[in-house]
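Here's a structure for you.
Chain IDs A, B and C follow the sequence of writing; residue 1 opens each chain.
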């Protein structure tokens, strides 16, 4: 068991782990906005008057929600080179997350928009606000407030999913931990990385718990 | 380069009949492993989550505190980190298959516990009191009165969470499990051709598109009713 | 009216104290109820009357004091509270019927799982209990298909089916539309006529006056005054009782 937590090895691996943690944060700062942007775009499209567009959005989101993100990532990273297109790990992460997490965000945002009573937008329209103004000033703020717990939960999942980047050689936390492990023949760096993930993300879980409790119907 | 030529090149790399003919049985076998893993994860994860939620009903403060912390830990850790920790970290590492099963079942158990607990808490206190006042024991009250009502609000989020986590079986490829992605990846590197990977991706769609659509249906049927709001 | 003290009481609660956090809700309450007696507990909201009632089957555990029902000491840790609760029926303000079951299912659940009857036996007894509250023809209905008054009568049948020695009613008519109150009170009168021992927390002064053997007035966690309805409603000893009764009537 002392194998599991060898302080000397963790100390030696610390610079690698620290760089990995920073890369994980940077990666999150890249893929979360990308996913949110895709999600907003899809959610807005799903309010279209055109049935074809609405069904198209449903088909798109269901397609990319059905793909395990890792499969999408490997398809881009391992498959595209055969078509003569070689993208780096970070670029593949960006595309995969735009497609995959964008679909999840879109479902959350759409559910929020549907939960805003139609009377709200009707009232705004009757005051002479345009479609876009109504959406931006009336519907979206209420929608986002209603689905805040789901948005936070989804974001937490996205940040956790950045660990997939280790499979495509992006030197984030898990990747660095596995490098350190293979250099030292000792699992302590992985254990240390798990602790770092837990320390970084635990507060978000606690915040989420608060939000979920507030959202739950009182009894 | 003409269009014809680039199509041929694309088809050769991604839709290569010869390669597909050789490797499709591997992918099919991988599909079997994926399904087996998914079923094991869903059954054990949900059972463990329900057991934890029921333990929480006993109302022992210390125990409840421990359950909440453990659940939060498994909600905070990325599944791949848990998997790598179990597979590479444990002194006597279980096989890749068992490691994948255990790690994803732990994650599902944590989420399922929260979902079941929220369902149980959503049942009005008066239901408990009415049942207890007729002499039903705690366990009987849970089983006969509370759970049937709790399950209704539990099923939509539980379905979605179970789908999301079973998709994580693809992580098994990282620890040498020959599930769909693992089988497709090794077929790809053996054949120097991406066709098996595309077939594997297709296999995931065949497996999960119906499940995702089912999840959508369940949510519409049982979830809070919402009307589309066209601006 | 002195009969209440001659016979050994069926419900014998003494020195009940109960705190909810900083609130002292019961401040040493004694309540004895004779067999076949109907006691109505009245008092302003927050006076502790519901808490008192809920202590009589240990839905609330008193901080101190003793509760003995039909010779069983409920506070004794060796007592199987679930067996004891079979003998004490309870009816709630908000009915609390199980929404997933039919009216008959509501009535038979405890018959099968507590009293150990077979499904067939439980159905026979359950139908008899529903007939007693005049709802045999609604046996297959779900709670949401019944009116409030019907739901409360099913709730009474659910308690009566276990053949309890005593029944507790916690504001049984307070969440009913006025026109539905009568049907529930009628069922309660019939129970009384059949000799059921009852403790009723209620604001129905008409019922208390007409049906009660004894009226207990509670305020601020203590019993202020008790006696036959004529005395309480006619010329109460305490000014607080008179004030409360006058208010209700106004």
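Rule of thumb we're sticking to: a contact is a pair of C-beta atoms (placed from the backbone, for glycine too) under 8 Å apart; a residue touches a chain by one contact, two chains touch by 3 or more.
All values reported here derive from a predicted model rather than from experimental measurement.
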item: Graph class of chain-chain contacts, one of line, ring, star, complete, other; value: line
item: Chain nearest the overall Cα centroid; value: B
item: Taking each chain's C-alpha mean as its centre, the one farthest from chain C; value: A
item: Geometric centre distance via CA averages, chain B-chain A, whole Å; value: 17
item: Centre-to-centre distance between chain C and chain B (centres being mean Cα positions), rounded to whole Å; value: 49
item: Chain A and chain C, separation of their C-alpha mean positions in angstrom; value: 55
item: Where chain B touches two or more other chains, by residue; value: 124
item: Chain C residues counted as touching two or more neighbouring chains; value: none
item: Junction residues of chain A, two or more chains touched; value: none
item: Touch list for chain A against partner chain B, complex; value: 1, 3-4, 47, 49, 62-63, 65-72, 74-75, 78-79, 82-84, 111, 113-118, 121, 125, 131, 134-135, 139, 156-157, 160-164, 166-167, 174, 177-178, 181, 187, 190-191, 193-194, 197-198, 201-202, 204-206, 208-209, 212, 216-217, 219
item: Residue ranges of chain B in contact with chain C within the complex; value: 124, 126-127, 129-137, 140, 144-145, 148-149
item: Of all residues in chain C, those that touch chain B in their complex; value: 57, 59, 82-86, 88-90, 92, 94, 96-100, 109-110, 113-114, 155, 158-159, 162
item: Parts of chain B lying in touch with chain A, wherever the complex brings them together; value: 9-10, 13-14, 72-73, 75-82, 84-85, 88-91, 118, 121-122, 124-125, 164, 167-171, 173-174, 180-181, 185, 188, 193-194, 197-198, 200-201, 204-205, 207-209, 211-213, 216, 224, 226-231
